[in-house]
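First chain written, first letter: the chains are A, B and C, and each begins at residue 1.
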Amino acid sequence: MASSIVAFELGDREVEVVVRPLTTLQSVLRNQVGAMATKEGCRQGGCGSCTVLVDGEPMLSCLLPVEDVAGRRVTSVESITPPEGLHPIQEAFVEGNAFQCGYCTPGMVMVAKALLDHEPDPTHEMIAEALIGNVCRCTGYQPIIAAIGAAAGALQGSKRAPER
Amino acid sequence: MTVSDYFLPRSLPEALDLIGTHGPELLVMAGGTVAMPLINDGLSLPRAVMGLRRTGLDRVAQLDGWLHVGATATLTQLQEQRAVPLLSEAASATASWSVRNMGTVGGNLFTPPPGGDIAVALLALDTNVTLAGPKGERTLPLADFFTGFMTTSLTDDELVTALSVPLPSGSTAYTKFGRKQGNTPAVVTVAVRLTWDADRIVDARIALGAVGPHPIRARAAERGLLGTTLDPDARAAAATAATAECEPFTDAIATDWYRRRMVGVVVARTLEKLAAGATREDR
Amino acid sequence: MSPNLTVVGQSVDRSDRIGHVTGRTQFTADRTFPGMLHLRMVRSPVHHARINGIDMSAAERVPGFVRALTAADVPHNRYTILSLIGVEPEEEFVLAEERVRFKGEAIVAIVAETEAAALEAVARVRLDLEELPAVFDVEEALLPDAPIVTHWGNNTFMYEGHPCRRVRLGDVDAAFAQADHIVEGVYNTSPIEQAPIETTGCIAVPEANGRYTVYTNTQALYFSLDNTAIILQLPGNRLHFLGGTVGGGFGGKVDVIVEPIATLAAMKTNRPVRFVYSRSEEMQVSSTRSAWRIYVRDGVMNDGRIIARKVTSYADSGAYSRQTPYSLTKHAANVAGPYAIPNVSIDAYCVYTNRQPSSAMRGFGVTMGSFAIEVQMDKIAEVVGVDPWTIRFLNAYRNGDTRPHRKLAEDATLIETMQAAAALVGHDLPDAFRSMTSAPRGDSETGGR
C-alpha cells in the first residue's frame, strides 16, 4: 500500500501531506492539517457540513479524494477568517443569530461565500436554492437565509434589512 | 476498507489500460457521489480504485447537429449548457450545488434506482451512448444500453465516454416528483419530448424514472399521443397507458403502490406543461 | 425598569458566536491524539436471533486490527441508563450475550489503527446466528403466541407488578352509559429519529495518573460518567468526563451508549479510543422517539362537555426499554389533556418489540399524546356541532380542579393561552370565553367536576 505526497493550496498557504490511497480531503483537513472547521456529519454527501470550495466552487470534502485536489486551490472557513475580526458573512451570521448548535454553520458559511462570489445580489429564492444541500436541524433555515441576504448587502457596501 | 491503489489516469487510453491490468476488481468512479458513501461506511471494500476526473472526458460541445456531452462532464456543466433545455432542467432538479459540481453525466447512468434522473431526460431525447474499450469505440442508442436491474450492456473492459443528443431537442418538459422539493431521490421522474406538425403530434417520447428496473420509455403512451393535439383526453389516455406500462418498486422512499398512483399524475402534469406552451421549438 | 440592568431587557451576545462562525468551536470529535485508535461495532444483521458463535479469525488478520471486545470483556455487562435512580430491571447489554433482539444490536467492538481498518475488520467477523421469530407491532406483541422479546416472559414493562401505567378517576363505564355521544379514535405515530447533524460520539483517553478522560457529546454528562463507572466497575473518581458544545441532541444523546465501551477499549489497549457513530448508525441504530398507538374513547354530552375519557395507549419501546418506561409515566399523567373531565381511565403500556429501541426525544410521552387528544377534540367538536375553540373553552381545566391522577391543578393557563392565540390570529371569541379565567371555580360552578 503505497502512500503518496499530495500538495494543494489551502487559503493562502501551501499544504503538503503524505496520504494513504483514497484519503478524503475531509480527513486530511481534520486529521492531518489541524483544520477542524470543516465538519463531519454523514460522510454520505447528504448534510453539507463538510463543504469546502475547490477553485471557488463548493464541493463536499467527504466524497473528494485529496489526490483529486492536487495543485488546486481549496478554501475552508479558516481560509476566509481574517487574522482580526470576522469576514462580513461571519459578521452577518453573528448579527442575525443564524445558528443554534453551530455544527452546520461552517458548511453554510462556505456555500454563502461561493454564492456571493458568483451572485453578489441574490434573491431569497436563490439563497434557499444554493443552500439546498446543507441540512440544519436547529434553526429552520430562515435566520441563515436572512443573514446571507444581509451579508450580500454589506459586501455591496449598502445596508439592507434582512429578508424574511 | 484499506485501498491499496488509487489511480488518476490522465487520458482515456491510460484509463482503459488500467482496466485491462486490474480487471473487474478495479472500482471505477467519476464524481464519487455514489462510490464514496459506500466506501466511507465500509459497505464497499475495494483494493483498487480509479478516478476519472483527470481523463479529459468532460468536454461539452455542439458539433454537426449534435450536443456531445463527455461522460465526466459534471451536472453543473450540464445545467449551464443552453443547447438542450431539457438537460439543463434535469440537472437543476438533481441533488444540490456541491453534488452537481462533483457528480457526472456518465455516472448518472449507473446511480442506483431511483437515481438516474439525468438518464431519464437523455432517454427522452434519443440519446446515443458511446463506449470505449480495448477494441475501439462503439455507439448505441441509450434505449438499448439498459438491459436489466442495475445492468447495462457495458462490458467489463469498457468505459462510457460520451453521450450525444441530436439537435434541436424539440418541445420538451420535465418533472421530478420527490418527497421534498429539492435534493431528494425521485418517487417518479417524467421527461417528455414532442414533435409537432402544425397542431398535431407526429412523434412522442415519454421517459419514466424510478418506476422500473432502469429508466424506461412508455411506448404505448407515446403511440397514443400520435395524431392528437395534446387535448385533455389525449393527455389522460397517455397517463393511463403509462401507469399500465411501468413496473414500480418499493424502497425507503416510496411504495410500489404510491409510485404507480403518482406515475399517472406526474405524466399528466408534465403533458399539461407542454400543452400550456412550455419549451416549444418548431422545426 | 431599573437603569442598572445590563442583561435583562438587553440584547446579549452569545459567548460561542465567534467560535461557531469561524469553525473554531471545539466539538467532541474535533480532536486527535497521538496513537488514537478507532472503534467500530459489529452489529446484528437480523431482528431476533440466538448467537451460536463468533469467528474473528479473518478480522484479526486485517492489517491495523488491534483488539476485539465481546461480552466476556465487559466487567458489568448490563446497560441500564437510570439504574442510579433505582430504575429496574437490568435488561440490556453493552455487548450482546446469547441473543440479539433488534437489527443493529452491538455484538463485538473492533478496535483498529485506522477507521478504514476497523471497518474492514468489522466486515470480516463471521457471526453464527440462529434466527428467531420476530414481532414488530405493539398489539401483536401482546397476543398470547407472540415471540417474547424480554427475559422475563412477557412483552410489557412491569410497573410495580402491573403491565401498564394506570390512572383512574370516577367511573367511566357509568358515565359512558349516561353520555349523549360516544366518540372514538385510534391514533398512530411513527418512530422519529432526532438526527442531529453531529452524530453521537466520544474519545476516551487514558491519563498517566490512571484516570480516563472521556470527551463526549452526551446530553447527560453525569448519567454517562456514572453508568461508565458501573459498567467498568471503576470508582467514579477514576473518570473525568468533559462535555462542551453539543452539535444538536434533541434527546438523541441521552442514552450513554458510546462512552462505556470506548472507555473499556481505552483500558484494554492503553491508548486513546475514538468511537463516533456513522450517519447510518445514528439513523438506524441509535434510539428514536417511540411509535405510539393511542385509543381514545370519550363520552360527550350534547352541549360538548366531555364527561368520560378512556385512553389505552401502547408505546413501542423496541427491543429494550431505555427511557421509554419514564415516557409512559409522563404520558399517563398528561394524556387526558388540559381539560376537566370527571371520569377518566388510562392504561398506558410500554411494549417490547424487535424494533430499534426508542428513548427520549423532545417531550417524549407527552407530545404524541397531545397529537391524539387534540385531533380527538376536533372530532368531538364535529360530532356535537360546535367549533374547535368552543369545545376547548367548554372543557378547559382551572386551578383547583382534580386532575385524573388526583392532584389539584395549579398554574392552569389553557384559557389564557387560547385567548392570546385568538387575539393573535384575529379570531373573535364570544364574550363568555373572552371573560373566562383559570381562577378556581366558584361553588355555583361545581356541577359534577
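Points to keep in mind about this one:
Quick note on the criterion: contacts are C-beta pairs under 8 Å (C-beta built on N, C-alpha and C of every residue); 3 or more make two chains touch, one makes a residue touch a chain.
This is a predicted model, so every value here is computed, not measured.
Common neighbours of chain A and chain C, listed by label, are B.
A count of C-beta contacts for the chain pairs A-B and B-C puts A-B on top. Of all chains, the one whose CA centroid is most distant from that of chain A is C.
Centres computed as Cα averages put chain A at a distance of 34 Å from chain C. Chain A and chain B have Cα centroids lying 29 Å from one another. Chain B and chain C have CA centres that are 43 Å apart. Counting partner chains per residue, chain C has residues 114, 116, 278-279 touching two or more of them. Of all residues in chain A, those that touch two or more other chains are 20, 43-44.
Along chain B, residues 2-3, 40-41 each make contact with two or more other chains.
Taken in their complex, chain A has these residues touching chain C: 20, 30-31, 36-44, 46-47, 49, 76-78, 81, 86, 90, 93-94, 97, 99, 101-106, 109, 135-138. Residue ranges of chain B in contact with chain C, taken from their complex: 1-3, 40-42, 45.
Remark: chain C residues 40, 62-64, 114, 116-117, 119-120, 122-123, 278-280 touch chain B in the complex. Those residues of chain A that touch chain B in the complex are listed here as 1-2, 20-22, 24, 43-45, 48, 51, 54, 57-60, 62-65, 67-68, 111, 114, 129-130, 132-134.
Of all the residues in chain C, the ones that touch chain A in their complex are 13-14, 16-27, 29-30, 32, 114, 116, 194-199, 245-248, 250, 276, 278-279.
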